[in-house]
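Before any comments, here is the structure.
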Amino acid sequence: MKNLCIAAGLAAASVSFAGAAQAWQPTKPVEFVVTSGPGGGTDNFARVIQSIITKNKLFDQPIVVVNKGGGSGAEGYVYGRQNKSDPHRVIFGTNNAYLLPYVAKLGYKYSDLTPVAALALDEFIIWVNGSAPYNDAKSYIEAVKAKPGTFKMAGSQSKDTDQTLTAMIQLATGAKWIYVPFQGGGAAAVQLAGAHVDSNTNNPNENVGQWKAGQVKPLCVFSPVRLAKSDPVFEGKGWGDIQTCKEAGLPLETFQMPRTVWLPADVPADAVTFYADIMEKVSKTPEWQEFVSRTAQTGRFMKGKEFADFVAKDDAANAKVFEAEGWVVK
Amino acid sequence: MITRFWAESATAVATMAFGLIIVYGALEFGIGWDSSGPQPGAFPFYTGLLVALASLGTLALTIGRRIAGNAGLQESFLDAERFKRVASFFLPLLAFVVLSVTLGMYVATILYLVFAMRFQGGYGWLPSLATAFGAAAFFYLALEKFFQIGLLKGPLEPLLGL
Amino acid sequence: MDNVASLMHGFSVALTTHHILLMMAGVLLGILVGVLPGLGAPNGVSLLLPLTFSMDPVSAIILLTSLYWGALFGGSTTSILFNIPGEPSSVATTFDGHPMAKQGRATEALSFAFLSAGFGAMAGVILITLLSGWVAKFALKFSSPEYFAVYFMTFASFIGLGGASPLKAIVSMGVGFALASIGMDSVSGNVRLTFEFDALLGGVSFLIAVIGLFGIGELIITMEEGLKFEGVQAKVRISDVLRTAAKLPRYWVALLRSSLIGIWMGITPGGPTAASFMSYAMAKRTSRNPAKFGKGEPEGVIAPETADHAAGSSAMLPMLALGIPGSATAAVMMGGLMIWGLNPGPTLFTDRPDFVWGLIASMYLGNVVAVIVVLATVPLFASILRIPFAIIGPIIVAICFIGAFTVASKSFDIWLALAFGVVGYLFKKLDYPIAPLVLAMVIGDKAEDAFRQSMIFSQGSLSIFWSNALVSTLMAIGVVLLLLPLVGMIAQRLRGRTAQSTV
């Protein structure tokens, strides 16, 4: 069923790109629907894009940002369903667009959305407390394996990316943590800095403040290649000096969260092309590149088939974990 | 005339029903206590139960006092005149909400203000219309233009090109 | 004192004409969002955020924080005048502020509110100046059990306060808890109690409840009584403001106690709303005339306002030093910090002293500017009460419903506000206390989360709440606060006296 939905989305996307005439233009103010509360990662993502579009006058109509973060973002996608075929509502999210319907009954299906583009991939790093005796991922995992169910992993709410990644590590390595869900990455960062938990899997941006102070340290990043080089953050080490988890010997290579843009279902194909082109222009501006490097994300623009393929692959990988952990709602 | 007894009893029954709905909704998620503490349904379940029990207590107390002949309960909660005043305020509120979701909030605001001032406040047409349109214009400028928050709109606004 | 030297440097950064103008603009805008219920400081700040991307971070944060101060002040204004809390944290101000306005003492109430708020904010900023390093270290000691203990303390200080029927108080608080648990449960990742109804996915907003329970409920009662606002002063003079200011030092005990409570709740995760409730409760408990509270006692305005602003300003410290936003507004500002390229954290103080100390200096200046600006508006606001009720009443109705819609742009919320209005009317007429409901809605879900996180930490053992000195102390204070009124009540019963008081 789920795969059918994805296939439908794929088909919709490819149809959109078949008729790529630049006919459609917004005719009234465009609403940017943010699937997180004010201040959240998705909120910053949408507002930076808003400011870039406005500053560079990429289109004429004004942009209104609306936060609909209830139900970990489901509220925004349900809003998309309610505004079916309205091309003036652009929805900003992550991979939660296609993953949320697995784990909770939320009143929308992935087929209620039309994929537009992804602009960046947010990275995940295993962090431990700054004074912990581990200097690489391998030795930490071994320590966890030696005492199963005593080490604590902090992260954002249950069944979200952090816990999914934790479950993946557990499945791949046989280690076992107590997962403690907090309200967000910021709280997980402080809990780790205060040594109330043993590790977290925060995005770079969520832990950088504590890393600068040496309160936490990164072990490895779940990315196929190392992060872009940067100025040193702590004791001469910068983002580019963090080992990838594969280098560190973990049997788990990639875990990344796309920053995604969607439209409601049944919008004109031209409108999808229009927004995809706008987003592509945004992704090439120096302001965007600066934002991406400052938050240590990986800039990667995807649209059309490339994006649909990414979604299908990411969806399958996550769904496997959800099944294994018994999170899928009937 | 509604006596205080009936008002107390009806409210207690209503809060009891609310409590029971919460209890019912919580049952879906497990209400026990496992190795990681209370299950997701436990807190709502017990608060719902507490509300229902406390409501039952209020109800029992009210009925008990009535049997004992407590004078306070025979007092009027809402007599005919007060009922008329409440109704004449509440029904327009209801109309405001219905109009808001059908014709949009600006139209509802204007109609409601004109109605309240002209027919309930006894002001002339001119001040009533001026206040109503002035208020709507203020909301439009402050919210729509300045804070960029769109209010509910009905079929009329697009015709005016707003 | 290093910090004092840094602060002086901060003043040199903050004290420019450009920045003072930004402060005034921010405060005025803030008053506007604060006055409109539903539209709050978080909305105002997120609206201005895109504007700040092209500003330098110091100017940007000055604009945003000034807007925050303005919103806090604006929120109290509507609480006092119309019983509609414009901001969540000004709910407790309605308890005595609105009765004062009804008695024709609106000018006095507003002046007390603004002056004591200014005092509280200053207390908070002074704390940040002197103790920033120590507080940042202290706050790191807090984990879920300590969080729960703080929420527990807040509840404990409030329980047993009212003289209403205990059964009714339990119903009220239980309804609040139940409403708070609707929507996404972050500990389990389940969506609870929505009954598959889309409009409930985001939960029931506390703001909608407040607009209905206080604003609309109060209007229905006013209409039923056939009353207008009574005894409105013939003239509002600036000298009334000054006379009130002269009376303020009499309440020095309340000011100090409330500042301490506010600062405490600001640096621990309680937040401004909980701080104002707790401060109100403590003021009433320690007062020699608790019966006067709820009927227009100035101390009932001073206590919540001082604590609210002390918490609001001291909550900036955990935000800067740890990256924990102490309030919804701070969460938005933190988003801004990241976009400006500043990462909140322990090293922000040393990495970007210009920014941090410029901000702290601007908090001193911004609050002075804010107090002056709002005091100047007192005659204006107080004279709104002279507009006949037949005009202002319907306008308040429109503001309530429009405000309800602006919270989340959901038409369902308008219905909900109306329903809460009916509940507010019934509860008030039947002597159900509303404050426990509101408090439970504000911190109920946070308390539940903290409790369940603690249980995950300890794998289901309650002993975690006595596992270290900090959490044990907090829990012990909570238990004492909880038991004191019971002891008092039993003692009074034994002596055959009846306690008469209401919240």
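By letter and in written order, the chains are A, B and C; residue numbering begins at 1 in each of them.
Keep this in mind: a residue touches a chain if its C-beta (ideal position, glycine included) is under 8 Å from a C-beta of that chain, and two chains touch if they have at least 3 such contacts.
Here the structure is a predicted model, which is why all the values come from computation and not from measurement.
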| item | value |
| --- | --- |
| Closest chain to the centre of mass proxy, which here is the mean CA position | C |
| Label of the chain whose CA centroid is most distant from the centroid of chain B | A |
| B-C compared against A-B, more contacting pairs | B-C |
| Distance between chain centroids, defined by C-alpha means - chain A, chain C (Å) | 33 |
| Separation of chain B from chain C, taking each centre as the mean of its C-alpha atoms, in whole Å | 24 |
| Centroid spacing, where centroids are CA-atom means, of chain A and chain B in whole angstrom | 39 |
| Overlap residues in chain C, where contacts from two or more other chains coincide | 187-188, 190, 409, 456, 459 |
| Multi-chain contact residues (two or more partners), chain B | 36, 148-150 |
| Junction residues of chain A, two or more chains touched | 65, 178 |
| Chain A contact footprint on chain C (complex, rising order) | 42, 45-46, 49-50, 53-54, 140-144, 183-184, 186-191, 194, 196, 198, 201-203, 322-325, 328, 331-335, 338-339, 341, 343-348, 351, 408-409, 449, 453, 456-457, 459 |
| Residues of chain B defined as touching chain A within the complex | 36, 148-150 |
| Complex contact set, residues of chain C against chain B | 32-33, 36, 39, 43-44, 47, 165, 167-168, 170-171, 174-175, 177-178, 181, 185, 187-188, 190, 192-193, 195, 216, 219-220, 223-224, 226, 388, 390-391, 393-395, 397-398, 401-402, 405-406, 409, 411, 414-415, 418, 421-422, 426-427, 429-430, 432, 448, 451-452, 454-456, 459-460 |
| Interface residues, chain A side, partner chain C - complex | 37-40, 43-44, 47-48, 50-51, 54-55, 65-72, 74-75, 78, 82, 103-107, 152, 156-160, 163, 178-183, 186-187, 189-191, 193-194, 196, 205, 208-210, 212-213, 215, 291, 294-295, 327 |
| Touching residues (chain side chain B, partner chain C) in the complex | 4, 7-8, 11, 15, 18-19, 22, 25-26, 29, 33-41, 43-44, 47-48, 50-51, 54-55, 57-58, 61, 77-78, 82, 85-86, 88-90, 93-94, 96-97, 100-101, 105, 108-109, 112-113, 116-117, 120-123, 131, 135, 139, 142-143, 147-152 |
